[in-house]
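First the structure, which I've put down as C-alpha cells, then a few questions once you've had a look.
As written, the chains take the letters A, B, C and D, and residue 1 is the first residue of each chain.
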Amino acid sequence: MLMEQFNVRFYETDGLAHVSNTVVVGWFETGREPIFRMFTPELDLQNWPLILASYNVDFLSQIYYGKAVEIRTYVSRIGNSSFETLQEVWQDGIKCAAGKTTLVRFDYTLNKAVPIDDHVKEQLQEHMLDSDKA
Amino acid sequence: MLMEQFNVRFYETDGLAHVSNTVVVGWFETGREPIFRMFTPELDLQNWPLILASYNVDFLSQIYYGKAVEIRTYVSRIGNSSFETLQEVWQDGIKCAAGKTTLVRFDYTLNKAVPIDDHVKEQLQEHMLDSDKA
Amino acid sequence: MLMEQFNVRFYETDGLAHVSNTVVVGWFETGREPIFRMFTPELDLQNWPLILASYNVDFLSQIYYGKAVEIRTYVSRIGNSSFETLQEVWQDGIKCAAGKTTLVRFDYTLNKAVPIDDHVKEQLQEHMLDSDKA
Amino acid sequence: MLMEQFNVRFYETDGLAHVSNTVVVGWFETGREPIFRMFTPELDLQNWPLILASYNVDFLSQIYYGKAVEIRTYVSRIGNSSFETLQEVWQDGIKCAAGKTTLVRFDYTLNKAVPIDDHVKEQLQEHMLDSDKA
C-alpha cells in the first residue's frame, strides 16, 4: 500500500459545506505519484509514459474541511500494457470514498499502447492488494 | 437529451497539453444543472435535495484546448430514491468520454435517502436514454 | 470590450455557499482567450507566445451559484513587450470583482521577453479601455 | 512566519508544462489555514469569520511538477477590522511567486465588517513580517 496524507483545502469544499465530489479524482491522481515514478523516475512530462483509460469512484461518507485526509493506494490488477489501482479516501477513521482507475502504458508519439516493462511490473507487484492483505 | 456547450478553459489542460481527466467530472456536474432544477427550481443551496453516490468515466479520445466541447446528458435509470445519468463529452464530432453517475434524493437534515417525488420522476423520464433513441 | 458569459459551476462554490475567490483568476484567463488568439490564432500550445507576470483582483460583492456571470475584458495598457488587461465579473447587474493582469510576450525557447508585433498591438488597441469609454 | 510544504499536483500543471498561475491563489489560501484557526479554532464553516477583499500575485519564476513547493506566510499589516498577509511560493531554493491578500473580519449575518478581537490581533502580531526579520 502507498499512503499520502494532507489537509483538505478550503476551496475544495462546495456550497454544501462538504468536499466536492469533483475533487476526489485529483486526490487519487496525487496518490498515484509514486506509481508515476516507477514509469518515469524524473516525472518527465516531455516523455510521459501513461494515459488514463477509466475511473470510477464510490462515495461512502461525506468528507469535511478541517481534518486531514489519507489517500491509500493499492495495485489491483496488472496486465500486459495496462494496470488498475484501487484507492481509498480515509478521514477520521472512516473510509469516505473508494475507486478504481485503469491506466495504460502509452506512447504519445506512436499514439498507441505499449507493453509495461518487466522491472516496472515487479515494482507494481509490491503494492498488489493481495500481498498487502496477506 | 440535455445539451451544454462551452470552450475548454486554458487552465483545464495539464502538462500533457490535453485536458486533464480530473476536469471531466466537473463538466458532467455542470451538464446536470437542468436536472438539479427539476429537484430545486431555485437551485437552493440551503435545502439541496441530492447527494452523489458514485460515478465512472471512460476516456475514449484525448480532449484538446482551442475547440468547444459539448456535454450530452441522458437519464439512464430511475429508481425509488435514486437515478442514474449517462453523459458524454463530444469535441469536433468525436465522443471523447462517457460516464455514468448515480445520484440520490437526499435529506441532509435527516441524513438519509428519501423517495423522489412523482412529478420529478416525470421530468426525469422525458430525458430517458430510450425515449431519445426511439 | 470583449465579453464572455457563462453559468457559475456548482463546484466553483465553496463552504460559504458563494463562489470561491480562487475561481476568479481562471474566469479572467478564460475571458482573455480572444486576446490569446491575437498572438496565436490557432491557440498553439507548442509555441505559446505569452507568460503571465502578475495579477490582482478586488472582490466587491459576493458571487452566487444559480445565475450567469459576465466577464468583461478591456486592454488597459500596451507596452513594448508587455500589456495589461482590466477585467470585471458582473452578475445580476452588479460588478462583483475587478482585476488587472500583466502579460508578457515571451519566447519560451529563449526564456525571455520579446517585443509585441505591431499588427498585434493594433488589435489590442481596439479593446483599449479609453476607446471603449469614448 | 508560517510554513506549509507539499508536492505540486499533476493536475495543477497546464498545457505549458508548468504550474498554472490560477493555482497559486488556492495555495495561498491553504497557507493561511493557521490564520483561519486564530479566528475560528474549529474552522467552523457555519460561522465563518472572514471574507477576502483583494489579492495580488507577482510571478517571478516558473513553477514545475515533480518538486515540492513551500508556502511562506507573513502578516504584513493589521488594521481595525482587516489585515494583510504577504505570502511566497518557494521551489528548489527559488522564490517563484509572491503576493498580498487583504482579509476582513466579517459578519455574514449582518453582512458587514466588524473589529478584530484583541486576542486575535496578538496572535497575528506574532507573524508580522518585521518581527520575523528582526
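The working rule: a contact is a pair of C-beta atoms (placed from the backbone, for glycine too) under 8 Å apart; a residue touches a chain by one contact, two chains touch by 3 or more.
Keep in mind it's a predicted model, so treat the numbers as computed, not measured.
Participant: Quick check: more C-beta contact pairs in A-D or C-D?
Facilitator: It is C-D, judged by the count of C-beta pairs in contact.
Participant: Greatest Cα-centroid separation from subunit C: which chain?
Facilitator: Greatest centre separation from subunit C goes to chain A.
Participant: Taking each chain's centre as its mean C-alpha position, how far apart are subunit B and subunit D in Å?
Facilitator: Using C-alpha averages as centres, the distance is 34 Å.
Participant: Provide the C-alpha centroid distance between subunit A and subunit D, rounded to the nearest whole angstrom.
Facilitator: Inter-chain centre distance comes to 28 Å.
Participant: What whole-number Å value describes the gap between the mean CA coordinates of subunit C and subunit D?
Facilitator: 23
Participant: Can you pull out the residues of subunit C that are in contact with at least two other chains?
Facilitator: Touching at least two other chains: 10-11, 13, 15, 17, 22, 26, 29, 45, 65.
Participant: Going by the contact rule at the top, pick out the subunit B residues touching subunit A in the complex.
Facilitator: Those residues of subunit B that touch subunit A are 15-16, 21-22, 25-26, 29, 45, 48, 51-59, 108.
Participant: Where on subunit A does subunit C make contact in their complex?
Facilitator: Subunit A reaches subunit C through residues 10-11, 13-15, 17-18, 20, 22-23, 65.
Participant: Which of the residues in subunit B end up touching subunit C in this complex?
Facilitator: 6-7, 9-11, 13, 17, 26, 29-30, 33, 36, 42-43, 45-46, 65-66
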